[in-house]
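Have a look at this one before I ask anything.
Lettered A, B, C and D in written order, each chain numbered from 1.
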Amino acid sequence: MTRAAMINAALFAMLPITAGVALALDEPFIITLATKVAILALAAVGLNIALGLGGLVSLGHAAFFGIGGYAMGILAHHAQSYTPLMELPFLIEGTKSMPVIWLVAIIASALAALAIGALSLRTTGVYFIMITLAFGQMLYYFAISWPAYGGEDGLSIYVRNGFPGLNTLVPIQFFGLCFAVLAVVLWASGRLARSAFGLALTAARQNPERVEAVGLTPYRLRLVAFTISGAVTGLAGALFADLNRFVSPTMFSWQMSGEIMIFIILGGVGRLFGPVAGAALFILLEHLLSGVTEFWLIYVGALLLLVVLFARGGLIGSLAGREVAHD
Amino acid sequence: MIEPLLETRDLCKNFGALQATDHVNISLVPGEIHALIGPNGAGKSTLVKLIMGSEQPSSGSVHFAGADITDLRRPERARAGLGRTFQISSLAMEHTVLQNAVLGALGRSGRVMRFLWPVMSDKALVAQAEQALERVGLADHRGALTGELSHGQRRLLEVAVALTLEPKAFLMDEPMAGLGAEGSARMTEFLDRLRQEAPILLIEHDMDAVFQLADRISVLVYGRVIATGTAAEIRANAAVREAYLGEEDA
Amino acid sequence: MKLHSLMLAAGLAATASMGMAEKIKVGMITTLSGGGAGLGIDVRDGFLLAVKGNDDIELVIEDDQRKPEIAVQLADKMIQSEKVDVMTGIIWSNLAMAVVPAATAQGKFYVSPNAGPSALAGKGCHPNYFNVAWQNDAYHEAAGKWASENGVGKVVVMAPNYPAGKDAITGFKRFFTGEIADEVYTKLGQQDYAAEIAQIRASGADMVYYFLPGGMGISFMKQYAGSGADVQVMGPAFSFDQGILGAIGDAALGVKNTAHWSKDLDVPGNADFVAAFQAEYGRLPSVYAAQGFDTGLLLASAAAKADVADADAFRAALKEADFQSVRGEFSFGANNHPVQTIYVREVVKEGDVVTNKLLGAAAENHSDAYAADCKM
Amino acid sequence: MSTLLLIEQVLNGLQFGVMLFLMAAGLTLIFGVMGLINLAHGSLYMVGAFAAAATAAATGSFVLALVAALIAAAAAGAIVELTVIRRLYDRDHLDQVLATFALILVFSEGTRWIFGSFPLYLDVPAALAGPVTLPGGIEYPAYRLLIIGMGLAVAAGLFLLISRTRIGIQIRAGEADREMIGALGVDISKLYTLVFALGAALAGLAGALVGAIQSVQVGMGEPVLILAFVVIVIGGIGSIKGAFVGALLVGLTDTLGGVLLPEFFALFTEASSAKLIGASVASMAIYILMAGVLIFKPTGLFGGQT
């Protein structure tokens, strides 16, 4: 086992251990925090597929996070108010079942990512950063001014949605569910990085001309990566909405996009477990510092600066050294 | 007469007032090495870009394997069977040598939309890639990071990746550059054998190699082909001597 | 602060196990950082002033950063870890909508010191939810009533394009009998109002009524004063409160605004409150400070009467509202929202300070339009 | 809608655009010369506004306030460049985005620490407080005319600076080829600090000018920052001309969109909902404009190849 792999394993184990200890100490809020880490890490794992593997610096991933959130909000809202979502051309009812909600969230955010990606990927570099930001803002303003689902007020769901065989209202069970989803997605994203598609995508990041010369189309590779990335972040959005039992346009805000990106940088770009480490560190800082001072964001800013300037490779990079995995 | 595999017909490209490519007609027939030479600024790079699809011609057309490929994009030309190496090494530097070669094999197979199965466990692809590395003599470096290779080794890897594509024709942009005397000799020997598999359109500055290898040579000056012929014919051509070799010797 | 509350909590656990007097534990989630922090700080300071020296009330304070997600998580923390009895503090309606239904569903009391969204006053009302400030529409309704009764014929109404903005315009129109010349919806967070001001000038209206909370209102008022437009301006107190008037300056002079409280309101206890607040914090209190103060008094009054462990008794004690509000007459209606008088104030200059002067009542014993929908 | 009102709205759009230009010019210069994305540009705008408000409160002079804004923003810019930004030039965009995002947090909370959470007071000078009557009978705020005038003057000054002066030659050389300016014997690090401070000063000036008619508060920079990014992306990153055209386009689209779209929708549906739909679409209008431009010209209107 390489040092990086050991750190990854330790980081990964830390979440369930924290939750377990919190359960033993009867500190349900710590479990809630661990759940939050798992969900935000999932969002960042999604972005990392575009950013780390594809080199696509998207400053608009909050769009998919928000779409996932609203998929949950809208379906559950109709279910709890016993109103159909749509009557014509055929009847669609709301639902409180997580698997169905997840499926809708994944499909909706994947479709959005496909559309946004198809347009945005015509540009590169700074233009790509900015156009994704613009699409995010577009959805943000749309969500605010769209009256049907609460606008700026957002939507409250009174009871957390259900999952067959679990009582999701119990914090530790909901944590277990989110953690399992994270584990599955991490596994899949690790496999993705080593797959045929992953090889072509990472090669396209390093040298698009090369990829074209072997007969592959970088645009298509990136579009698929962006779509998968958006779908994963969308799933995280649905879980986040369920954690809070609430959705609002702030899920679409550009600060949200920035935060998801921060998790990746804090943890280490392109590293499989980077998002987990980054999200855990950020939530820990938020939790500890916000109790010490009202101006805690100054310290977060300063820390982030230090990481970017001096600890390239993020948390995992600093711990694991300059070791590179040859796989 | 043998049907040409690759052919440009009255190919023109102008950038504003500058005529970078001027009614160029060159062809590549099976089994040959056709070398394209010319002084710096003669328009060789532009011609390569037009053939590979990085630039669109102002007029004229490019034909390959019996089809008009003028409107095809770069990846489509590669899939049609046009394998190339780059003037400046163009590889995925963070990947290993073997991964770069597998990328080529993957491009050839077209089975890129596989998301969960580790590509390096695909025996067929890896075998194909290893065979190509073997042929250029890079088999011992298969696990090395491409960024850590020497300049000459990268040129070899470029050729190996092109081999994995099993192309119908090669377009090689200065494969000898930076190889040194020994490397050049080995590359020359290798290309000499390779022409039996697929013809090569060779852009090269190394005149010894060109005159040793080429079945035909075309000389490009100010965007125009001023002469095409065998090595002996080109050596004897007065216009060429004046416009090109004279300069080169000076 | 967190450490402090932890120590208090430990102390509480110790005393409780020794079987001493029951305290109530209050969790305050409010906005203390980022945009809009001024409002939360005023509510907090007013509340702290009211419960100063009161041993019955133990307070945990958290900053929601004006983000609904954070507010929900803090609410979870207060309920799950801190095990508070009563929650309060939220400033913004969207945050309240995110927190309140879940909190009351889990058997906690929620006493709102500011936000009063219509959903919580009507169909979504709950016996454990009390609003000490106002239902969101109250200021706007009172303004509409006042405008109708004071000969204003034609009005332009303006608000940001989001739910509270639409409620504001609906609220104003509910009691306004004159003609609406134009309805203008602006972007949330918009800072430049040149285009809207041009529309207002061209409308030929007698008055413009606007609801633009926070920085939006400051920008609008400053630009409006410089535009040479002479249409009379009216708004809710949110845009003309003490914290905001300092930033608008003379541009606000003469503007009428509606509020349930004013620092020169002549009711018992109000002058003392204003003086004590100034002495404690070195600034004039705002309506938010007054709301925070009343919230503190209400909780103290209920804590003195009933044990919070007996939810029914505590609920009844809250409902009695047996405290001397700094706004004067105060009681809860059927839906636990205030029945109170809304006043009209005018912005004036006292010495160097731009502040509000009470003009008179706009709507007496005013309750809200949603009580009928409340079934509890 | 009357013609006069329309002209007035066009003036409003122009004024908004000119203000955006002041922000966008610095951003685009910094990107063009140093290749840096600076998300913290909005913070320099805020620094300018706060410096102006504090100075105006202390001295009562608006001119001094503007000077203070320029100096404070330029100084803040220079300090940030010397301590943080210069380490980012050879980094990728991702690191730049993150580091300057971190700077926003530091600037915003730092300002709140110093000045508190309430908005500050800054008013237009008494001499410019009222409206003036323009030819054709349009009454227009004098101060907004001043902003238009100053913005156009700064634009003209920038064009002159870039086309006529030594610094300008160096800047253009830097935009064309970053290695070339070293060959020209220019002290690159000094030039970079200078360009960054110049960009910061322009943002500070914009902040002070706008602070007088809007609210001077923490976080005021971010909405403007995003608009300024939209501007330079539409115009083509690195191009001053593009920034100018982009700024006017965005200013006019935003202003006229807000005015005309509700009327446009009123043609199809009843008034009250037309206003809501119109306002919704108007709030997205500039982003739609930007997406549209990029789809047809992926490097912006005046952008070169990336």
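The definition used in the following text is that a residue touches a chain if its C-beta (ideal position, glycine included) is under 8 Å from a C-beta of that chain, and two chains touch if they have at least 3 such contacts.
These numbers were taken from a predicted model, which means no experiment stands behind them.
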{"item": "Any chain that touches chain B and chain A", "value": "none"}
{"item": "Middle chain, criterion being Cα centroid separation", "value": "A"}
{"item": "Between A-C and C-D, the pair joined by more C-beta contacts", "value": "C-D"}
{"item": "Chain centre separation (chain A, chain C; CA means) in Å", "value": "35"}
{"item": "Centre-of-Cα separation between chain C and chain B, whole angstrom", "value": "75"}
{"item": "Between chain D and chain B, distance of the C-alpha-averaged centres to the nearest whole Å", "value": "49"}
{"item": "Two or more partner chains touched - positions in chain B", "value": "none"}
{"item": "Residues of chain D whose C-beta touches two or more other chains", "value": "109, 112, 276, 279-280, 283"}
{"item": "Where chain A touches two or more other chains, by residue", "value": "141, 144-145, 147, 295-297"}
{"item": "Chain pairs that touch, as defined at the top of this document", "value": "A-B, A-C, A-D, C-D"}
{"item": "Of chain A, residues touching chain B in the complex", "value": "188, 191-192, 194-200, 202-203, 206-207, 209-217, 221, 224, 228, 324, 326-327"}
{"item": "Chain D-touching residues of chain A, taken from the complex the two chains share", "value": "51, 57, 59, 119-120, 122-127, 129-131, 133-135, 137-138, 141-142, 144-147, 254, 258, 261-262, 265, 269, 295-298, 300-305, 308-309, 312"}
{"item": "Complex interface listing, chain C residues touching chain A", "value": "1-3, 32-33, 37, 62-63, 67-69, 72-73, 76-77, 80-81, 93-94, 97-98, 101-102, 105, 117, 161-164, 166, 187-188"}
{"item": "Complex contacts: residues of chain D adjacent to chain A", "value": "31, 37, 84, 87-88, 91, 93-95, 97-99, 101-106, 108-110, 112-113, 226, 229-230, 233, 237, 276, 279-280, 283-284, 287-288, 290-291, 294-295, 298-300, 303, 306"}
{"item": "Complex interface listing, chain B residues touching chain A", "value": "52, 73-76, 78-79, 83-84, 86, 90-96, 99-100, 102-104, 106-108, 110-120, 122, 125, 143, 145, 161-162, 164-165"}
